[in-house]
Structure formats: C-alpha cells, structure tokens
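Remarks on the structure that follows.
Labels for the chains are A, B and C, by order of writing; each one numbers its residues from 1.
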Amino acid sequence: MHVSHAHTPSRLQLNPQGRLRHFLTTEGLSREQLTEILDFAESFLGPDGSIHNQPLLAGRTVMNLFFEASTRTLTTFAVAAKRLGADVLNIDIAKSSNSKGETLRDMLWNLEAMTADIFVVRHPHSGAPHFIASQVTPKVAIINAGDGRHAHPTQGMLDMLTIRRHAGDFTKLTVAIIGDIKHSRVARSEIHALQTLGAKEIRIIAPRTLQPRDYQELGVKVYERLEEGLDGADVVIALRVQNERMESPLLASPEEFYALYGLTPEKLRRAAPNALVMHPGPINRGVEIASEVADGPQSLILKQVNYGIAVRMAVLTLAMQGQLTTRGDA
Amino acid sequence: MHVSHAHTPSRLQLNPQGRLRHFLTTEGLSREQLTEILDFAESFLGPDGSIHNQPLLAGRTVMNLFFEASTRTLTTFAVAAKRLGADVLNIDIAKSSNSKGETLRDMLWNLEAMTADIFVVRHPHSGAPHFIASQVTPKVAIINAGDGRHAHPTQGMLDMLTIRRHAGDFTKLTVAIIGDIKHSRVARSEIHALQTLGAKEIRIIAPRTLQPRDYQELGVKVYERLEEGLDGADVVIALRVQNERMESPLLASPEEFYALYGLTPEKLRRAAPNALVMHPGPINRGVEIASEVADGPQSLILKQVNYGIAVRMAVLTLAMQGQLTTRGDA
Amino acid sequence: MHVSHAHTPSRLQLNPQGRLRHFLTTEGLSREQLTEILDFAESFLGPDGSIHNQPLLAGRTVMNLFFEASTRTLTTFAVAAKRLGADVLNIDIAKSSNSKGETLRDMLWNLEAMTADIFVVRHPHSGAPHFIASQVTPKVAIINAGDGRHAHPTQGMLDMLTIRRHAGDFTKLTVAIIGDIKHSRVARSEIHALQTLGAKEIRIIAPRTLQPRDYQELGVKVYERLEEGLDGADVVIALRVQNERMESPLLASPEEFYALYGLTPEKLRRAAPNALVMHPGPINRGVEIASEVADGPQSLILKQVNYGIAVRMAVLTLAMQGQLTTRGDA
C-alpha cells in the first residue's frame, strides 16, 4: 500500500484491503476492480431488462444529497437502493438547514448521526464528493453521482457494461466520443475506464473550443472533423450538448452543431458496420443526434439506462461492504 | 376479439385474454370486469376501515407521474402501492428532464428503462394516459389517475364500491349526480360504471351551462331543478365545484350555486329516506354541500376515501397481473 | 383516573390505562412514563451509534404533516419510522388541498380515512397537535414534532437520554440552559422532563428580554450573567438563537449575544470539570457557541442527534400501542 498516495481520490476510495469503500471516480482503479463492478452488476441482470432484487442493503439508510437538480439520476439511485432493500431518503437541500445558516459540514455530520450509511452526492463543484469523503464523513460510504466537470463514475461504468455486453472484448474496440468533451464529467469517467479496461483506441471528436487541454495525458486521439473521427469506430458515444454548463458561447448554435457534429444515419455509416450508438441522456434530438439514429437498431441508449440500475446496485453494495470492513478495523 | 376495436380505450386496456393490463376508463368494461374489481377491492377491506396488506406487488416499482398537482390522489395511490409491498417513486415532473428539453416520450422511455412496472398518470389533457399506453410504453401498466375532463376511473370505481356496500343491488337504485357534470371526469366515470352495473336510473342535475351535450348518448335523465332531480333518489352524489377547470364564468357565484344546487338538509329530504350522500372531495362546505349534510348520518364521504385505498390496491394488482401475462405472450 | 383533567394535554395523551396514545408534551407525564420512554429508546441503541431495527410498525402508515419547514426533524422521524418497518409519507402541505380551499379538519379526516395510523405534526401555532388529537382525529396517534413556542417533546426526551447515558443519576445534576428561553419550545420540554426526572437544580441563563415570565411556576433559577449561571453546572445546554421566531428586536446583534452568552472554552471552565455540552441544533457557530466547544471533547451534540432516532422509534411505537388499545376499547 502506497501511503503517500492515500490522499488521491483513487486511494481514498479504497479501504486498507484495497476494496472500494467510496465510489468517487473511475480514475486509478485497477482493471480487476472495474471488472468486479461489471461482473457484480451483471449478476443482477435478467434477460429483457429485468432486475433480480436482492436485500443486500436491508436495514441500511441511503441518503440522496443532490446539490444540483437531476430527477433522472436521482431516480436511478432511488430505484437501485430500493431494489437492494435499503431505506432511501431524498434530502431536500434547498429547504434544509443550510437556509438556517448551518454549514455544509454540520449538515453532513447531522445526517451521519441520523444513522446514514451511504450518501449519494451530486454537486456542481468538482471534488465535492472527494472533500466529503476525506474531510467530513469518512465513515459514510460516498457515491459520486456527478461532480462539476470532474467525474460521473456510475455513468462511466454503465457505459462500460453496455459496451462489454454488446461488443465484448475491450482490447479489440475503437471507441469514439463526440461533443463537448471539455466540460463533460461523463467523458472523463468513460475515458479513464476505457483506458484501464484496455480499449484499443479512444477518440474524442469535438470543435477546438470544446477539446480538453489535457488530451495527451488522457491518452486519446483528438479529431476535429466528425467524419474522420468516426472512421471504422466500433462504439460511438454522442454526448449531450449542455448549454447550461458552458460559461461562454463556445458553440455558434444548435443548428450549426448539428450540421457539423450531429450523429445522422449518413455520418454513422462512416463507423464500423453495426457500430454501437450510445448517449448518456437526456438526448437533444436534432442537436447532437438524429432521431433516426437515437431510435434506430444500433442505438443502445435505453439499454444504458436499464444497465444503470444494475451498476448502481453493484456500486452501492460494494462500497457499503468495503465501508463496513473499514469501520470494523477502526 | 374485435381487432378493429383494438384502438379504443376499452380494448386497449385489456390483454388478448380480455383481462385488464391498463386501467384507463370505466367505459366499455363489462359487468363481470367491473364486478371483479369490486370483489377484489372488498377482499382487502376489514371492518371499520382497516386494510389487509398483501405483498402482491413486492419487488415491483410504481412511479407516480402527476402532470397536474394532487396531493390527495397521489397520497391514496402511494398508500395503496406501499400496502401491496411495491417500491413507490413520485417523479417530480416540474423538475424533471422536461426542463432540459427532453420530450415526454423520451422521459417515459427512460423511466420504463429504469424498470418501472406501473405508471400512475394524472394529466390535464384528456387522453394522455391512453396515448401513453398505446403509443409510448405499452409494457408498463398505465393507471389513469384523472385526465382532463375525460375520466377518473379509480374514483368511479370507489364510488361503485361505496354504493354496493351501503345500498346493495344496483338494479334497484336511482342515482342522482349534482353539479358541474359537463367538466367532470368523475361524473363520466361514474355514469359509465353505473350503466354497466345496471343502475335503475341515472340522473344528472345541473344548470344548463354545466349540462353535458351528449347526455342522450350517456343514457341519463337531465334535471335543471335540484328538487325535482332529487325526488326519491337512493344515492345522491354532489360534485365539487371546480372553478379552476371552467374556462368561462358559467356560474354566477358560489352563493348563487349554493342557493340553487347546494345540498342542504332540507333539500335532501326530497330524496329517499336514508338516501346515501357522497362526494368525491375535497368538499367546498357551503358551496355544493352544507356541513350538516357532509358531516351527517347519511354521508359516506370519508368511507369513499377509505374504500379508495382498497380499490386502488385492486386495480394496481389486476393491471400488473394482466400486463405480466401480456409480456409473457410478447 | 381524574376525569376532570381529561382535557389537559397530559391526560389527553394517555389512554384509560394511563399509557401513551399520543405524544404531545413532556409536561404532566410521570417519572415512570418518562423512564419507560428512555428505557425503550435505549433498547434500540447499539454501541457507537448503531440502531437495532425492529419491525414494530410493519404495515402501519406514518404521515409527516409539517406545517413549518424542517428537513432536519422531518428526516429523523422518517428514518425512525422506516427503521420500525412503517410506510412513511411526507404530505406536502403547501401543495395539498388546502390550496383548493379545503379546511384543515377535512384534510386531516381525509388522511385518516386513507388509513393513516400516526401523524407526526409540526406546526407554527402552539397547541395545534393538541387540537388535532382532541378535536379532529383522536384515533390517529399524534406525535408533536414541535408546536410554536409550546413544546418539542421528542427533542426534550432525546436530551434526557443523552444526559442519562453520559451523566447518570438526574438527582445529582445541575443543568443550565442558555439562550432564548422565552421563545423556546425545546427549553420548555426539557424543563418539564428535568423536573419530573428529579434534577437537583435547573437554571436558565438569558438576558432579561428573553427570560420567560412564568419561571417561578417552571421551578427554575434565573440568571442574567452567563458566568454565574454556569458556576458548577454538570450539564450545559446552549439553545439556538432563533431570529426567525422573535417578533421584535430583543437581541442587539449576534456579535453582542456571543460576547455575553456565547459558550466559549473560557466560559465553559466555570462549569463543573467535564460538564456535558449539548445543543438542539442546528448550531450557529460563533453566535451561541464557539466552534472549539461545539467540536470539543465535552460536546455531545452529534450524540443527541443519534439518540434522537432511538427516542423517536420508542415514542412512535409506544403511542401506536396505546392507540391500538384505545381503539380496541372503543
């Protein structure tokens, strides 16, 4: 164990036995760790999208702390936790004691004292879940449900499960991610997971203004032209154009984006035959993706949502188990 | 099976075996089908309003989709689903991805992919639950919790259960419905159910402006004067005056309505001795009903609410069972 | 049994066998009754803040009716009820039929008819839970979660549990309560419980403007100077400065309050060695308490929150049991 690394997110989310006790990022986790999550998630999945319930979190209290609104992700975590038999509480942050002048730290300490076992945290600031796990409530398992531009690791892992189930061996796959990579926590979590799982090639396709500066560190190939980036790709992931997260007018207009980067049936033909089409949702039809593609036979968009329940069940359970071991050690 | 009728709500809500798989309207269901709902609902009812819990929906996920606010109906469905052991999620439509520009169709597809089994839908537009069941998510059991002016079938059925328990044989009963029939989805669901269950006579009592145009099709007798309409009635149902649903000033004032149509002890004496008094709630005391009547010995208003839990338990379970059979066939 | 006292809160909350059937106030309960609550609460507590779940309310429906916002108290009751296996519904009062002109009485009758077993009521008006229990829905067990300036009995009892676990025998203890006693429902519930449990001495420390007029009836000693009031105290309870509840500018400023009444490490030295420090939360750091004290070794602030879950589990269960006995008698 590298004690000197204990402050990094990847170490922070592991207990002394190297098992998950929080789930903050896909970055720095080993191939074995990611594969364990995928295998465990798959164990909950039946054919045709059914989910096997298992009371692995019976008697546990999961609190959803969403500092940024998201009915969609909130609902998937609530469904996953309930299918594991947990008690689930959505904490209304806007109405909470914050408004009475209580500090974030005091609010979290109080929720912990109310016997919370797991906090599912979404926050507009990058690093907030990490801060909570390291500085505030380390004995509560923290699951990152999206923090700023940093990470959205359960989305990253459900995308990996989708790819593994429908395309198989990562080492043979070229994966192309299209859109606003620069501001996308989804893309970062996907790229880190794809690297670790051994994807043959990872491409990002974006206008210059939306390309991340650290793409060399990320180990990806950068394309400005969609047609070139799609060439022969086995998996094509279109990101949502998130106007709300951009601070300046980096995009001319939705129409122009669609003309250049919108995934149409015609452009998709540049990819490998039967290339998988994915999108983290919610989709902007006619902006980053054409309806014919979103609803077409290559689209796995709704499968992603479905697998997301299983992935969240796996992550919630694994982090709880690792956290309990840690508490036992303490 | 009349394939040519497959597009009508009454066929749409049945599976090929003729069993409920959605519950959209009381219109077009057979006497046997309505009686099955009533019998099943009654099986949950103990004396004095207690309800026998049964885990018939254990492991199922019920999502409440209320596009129109209603704490009251929302709560009854939540209680009913929980008493059946289901996981219940209230989807906050206002905060949902709708606000991110997602289409209704995409939102519903996503919720279905999150392993929803049942959508309980309230919508301001007539036909919305029908549209969802036919065009969007046919594999999710859709329960209509009130759509526009069209139908409120669980309210209709809980009223039938109330009448059957307290007045017995429908074929001997004259039922009078008072108020804004024209805009009332409750009245429509009641009238269709009463017809099918063989009520001796159905009367509607309303000012001309609030009488429905299709009363002949509905097979009801129309009265403008309350005293005449009440004469000898065995069951008297006062509707809520819903100013919020009226588009033009069809009523002079609440005071005038009360003078002409308010159900007072004096006017109630025109009905049969011990006539049952019902109201779908919430009541406007001193508008459509006097407090002495609402709280009097003939009033079944709170019994209706209580039976509503049992009726919703029955409908949720039957639709789920019919839906599962259909899924198995698919 | 003193029938003539049946209208007082203390009698109202007991059934004919003298057992709790509501929990409205600590005032007037006997030492045996308070001790039973504490003992039962303690039975749920494991070491280190864990809680033993017990399905004592399985199949029961608990409705939280918060007419005054409080995420914190709402969450503790929801956690407690879920840990007892109850179905829990938070009724959104603001959105409820109140807005449709329904009376409070009709709303409560309707919720009762929806098979509610317990109402957890918070209300800005003193006496509202008492009114509901006596005049509206006596067959629903009413738990007071804070009413106006009157009482906050579960807070009072969790404070008693904290004192008993950490300081032992009440008859040897001097307890000092600091702050806005006049407007504090927490202080009233504490004082009544401390009296009944036989505390050696109860002191209140407050500026003249915030001293209650009835302190002689309450049987407490009043101090205007913090240093004098703290002298030799075994338990020190700092109250939250609640600007929102004060009707006039009774406090000069938070800074001035802190200078005179803020619990600092220096001032705390006037109390007994290892005196317990408590606060009902949420805390205003630097107003009524210094961070060094709130986070220091004498502070039991988070233990209070933790014990609060156990106390609420005890009170919910005891009131339900007493209510059922009453219903059986009726």
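One rule holds in what follows: a contact is a pair of C-beta atoms (placed from the backbone, for glycine too) under 8 Å apart; a residue touches a chain by one contact, two chains touch by 3 or more.
By chain, with names taken from UniProt: A, B, C = Aspartate carbamoyltransferase.
The shown structure was predicted, so the numbers you read here are calculated from the model rather than taken from an experiment.
*Asks:* What's the call on subunit B versus subunit C, same or different interface residues, using the half cut on shared numbers?
*Replies:* Shared-number fraction below one half, so different.
*Asks:* What rotation angle takes the CA atoms of subunit A onto those of subunit C? Round to the nearest 5 degrees.
*Replies:* So the angle, rounded to a multiple of 5, is 120 degrees.
*Asks:* With chain centres defined as C-alpha means, what is the inter-centre distance between subunit B and subunit C in Å?
*Replies:* From the centre of subunit B to the centre of subunit C is 42 Å.
*Asks:* Which residues belonging to subunit B are in contact with no fewer than two other chains?
*Replies:* none
*Asks:* Provide the residue numbers of subunit B that touch subunit C in the complex, in ascending order.
*Replies:* 49-51, 53, 69, 71-72, 75-76, 78-79, 82-83, 244, 281-285, 302-303, 305-306, 308-309
*Asks:* Which of the residues in subunit C come into contact with subunit B in the complex?
*Replies:* Per the stated touch rule, the residues are 59, 61, 87, 89, 91-92, 95-97, 100-103, 106-107, 109-115.
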